């Protein structure tokens, strides 16, 4: 056993939060979207504010904004940063609610995880408020659509089929 | 303006956390799944632990378990409860990683939001750790698959097309 | 200095979280209220949803409900408990918005701090959303109005002058 | 129903976290105060450290400082920022304890919500520690008194009657 | 690659939060201690409340109590539970401050992690408040000393050399 | 009693978060270490990933990284800052696991509390995962080893006996 003593574990494979301190703070923006698929009766109730648990989209918007601020507390290797603006909006389709979030900051690291997390938590909140009315819901198409700022330059998704 | 004074706002439409205190605590269980779609090269890197940010699935598992415990802090109208068991596991397909989470408790309210939140945050963590390698990822098919306990009895999903 | 060594500090005066484990869980309820005093022009904007930061009362309601759940994390000697129901509602007067919160639980300790904290954070949220329109706001009259359950029996406040 | 499909919800009325990224970081300071009204016997117990739950003002000071740091987590549309200094102090009157908090930062947005939140949570902590001795307490007069830094220049309240 | 598809990852080795739902809630108690070793001049300053950052032990006591409540949020595989009592006390020696914490609950799982976490965070707080006066501090001897309740019966440590 | 009225409490002795706003942000780094003493059988199980609760060191690494980000929420007088990099690694000895954490930032205040907190929480996580196998564990030797950046210049510990 002695030979095991004092041997440094190989840190390869061990998760790490990579160093962003050499980077300069720049303006960064990210836009993400997802959809909550549901029965057409449910989208009608959401649209007419007839869900008994209360205002679905108003609650989901706030949950999404709050989640953007908590992203580094949820995603272990995410760097903390100070979000400078968060918007969460919704489109109601026949059998889905689409969530769109946009996050901006001036920082050393990007905000795509913040935008994706805002979408995911807003979608989960929609699910939570509608679940007694509709057990069939599915959350999908959670993806980054735009990203600006940072050394790799702007990026834009043109379709979900890119993956 | 005097007639506006002292008028109680109609609380209909206002979000509320519904009363669960009349319910008896019972054993409850929920199972949820989702998929992170990615390039086949990325699933290979995940499987061989070759992602430079570190152990993707180990990190995602812990993020998912921690998120299950924080669900009522993320989802505004969710009741707090004490999760009694959380498991998060993964299946690697050709062009996706599937996340499965199972949560159990003995409480007055169900754990489906905890199971869905665990899946969502584990998927976001996979995304975060792989995003420098693959910008095309999409998170989808986040759905409840099983639910037992509570007054409405057991429920099981048979396909994603149910919605 | 030797005589100081090993002397137990007198714990009197030291804050403690008192032991509630010998108590039996019972149904408990608390009702609290406070007011945000503001210019009449501001109450009109709140009532007509004309505040540029967005839906003031909807946001404040959610902030209050979330704060009720976080009470033991904010108030150091408060026992953690699982709130079973939270309602936050509002009355708009000529020059104030009144916040009312009601919290219920089945637990070993009461929920008056949860009800008061929900009111305080809802009021602070109203302040935050209106502050660019009105610098004169004052939050006041934060008080418990009703409390039921627990060994000391029901209690009801009849006026603010009781203090 | 087809005409509802793909219609963007009007985001007006939807809460948003406004964009502060174009602003330059400047030194900012805010000072807030509130009072916890209580029976004269209770102020005497607070002053003489005779409250059985322990050191009331020491506990309230720490709760207030911690709450200042958590303000953006409590108030949904509040921007996160890094507080650079927080002081919480107390004055004991015949039938009240006055709480005063001062917060400083170098950031793109002001710290008045941080100062007000520190006061509110310190006051709630005083209430929590004294409530078994005095059921009559009322928290009031929570207001901003000074604010410096930012584009609108310094501001100072001269009396509570300004609202 | 096809053979990798749909292969369930062996969950052995994957962290899990074990199932405590079959257990009955019982009264449980744990007692932990640790020491912050420091220069004798520093213990004198702590004892005479002469540390410029303020009341060291009062602040550490509150930090420890708050940390006990947050244990499941810090320690990934720890079950959430509702602590029913927390005490944190101190003994000042010639060249150390000893921290002792005791936690009680009625739950399905023990509170030893809560007691150890309370000690660790109280010790870190002492370190933080004294570090500008003394760079030599070392935290050590963090150990469980007593544990009662649960299926394995009471346990008591008799010395640190047991390990 | 009148003479007590309006007397400002002497704030000396009251804890405060000192003002760092006059400082300039600089690159700062801190390195801390601690040890979890355990039975040799337990270190073998940790090394061979044979602990039934799952991957001990992988879980501890993530817990430590997450704790570094939460340090100002745990340690009351600690300034919030944005960590730019966190590494947590381990060495397995005959009868101990050594934890080493390194934290970097560009900020107005140092990161030694972040490095120490990461070590402490990683060590507590190791303890939690091994405690059903080994009741004798003791956490010790938690100390700062290196610190660079800031007005006082670099500092390096040469032995634990310095205290």
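Here are some notes:
Labels A, B, C, D, E and F are assigned to the chains in the order they are written; within every chain, residues are numbered from 1.
Convention: a residue touches a chain if its C-beta (ideal position, glycine included) is under 8 Å from a C-beta of that chain, and two chains touch if they have at least 3 such contacts.
All figures in this text were calculated on a predicted structure; none of them were measured in a lab.
Taken together, chain B and chain C share the touching chains A, E. In this entry, B-C is the pair from B-F, D-E or B-C that repeats the interface of B-E, since more than half of their contact pairs coincide by residue number. For the touching copies chain A and chain F, the fraction of interface residue numbers used by both falls below half; the interface is of the different-residue type.
Centroid distances from chain B, each centroid being the mean of CA atoms, peak for D.
Of all chains, the one whose CA centroid is most distant from that of chain A is E.
Centre-to-centre, using mean CA coordinates, chain B is 34 Å away from chain D. Distance from the chain C centre to the chain E centre is 29 Å, each centre being the mean of its Cα atoms.
One finds 13 Å separating the Cα centroids of chain E and chain F. Within chain E, residues 14-16, 18, 55, 58-59, 62-63, 66, 70, 76-77, 82 each touch two or more of the remaining chains. Chain pairs that touch one another: A-B, A-C, A-D, A-F, B-C, B-E, B-F, C-D, C-E, D-E, D-F, E-F. Taken in their complex, chain C has these residues touching chain D: 13-16, 18, 34, 37-39, 49, 53-55, 58-59, 62-63, 66-67, 70, 74-78, 95, 112-113, 116-117, 120-121, 123-125, 127-129, 131, 135-144, 155, 160, 162-163. The residues of chain F lying in touch with chain D in their complex are 1-2, 4-9, 11, 14-21, 72-73, 76-77, 79-82, 107-108. Remark: chain B residues 27, 40, 43-44, 47, 57-58, 61-62, 65-66, 69-70, 82-94, 104-106 touch chain E in the complex.
Partner chain A is touched in their complex by these residues of chain C: 55, 58-59, 62-63, 66.
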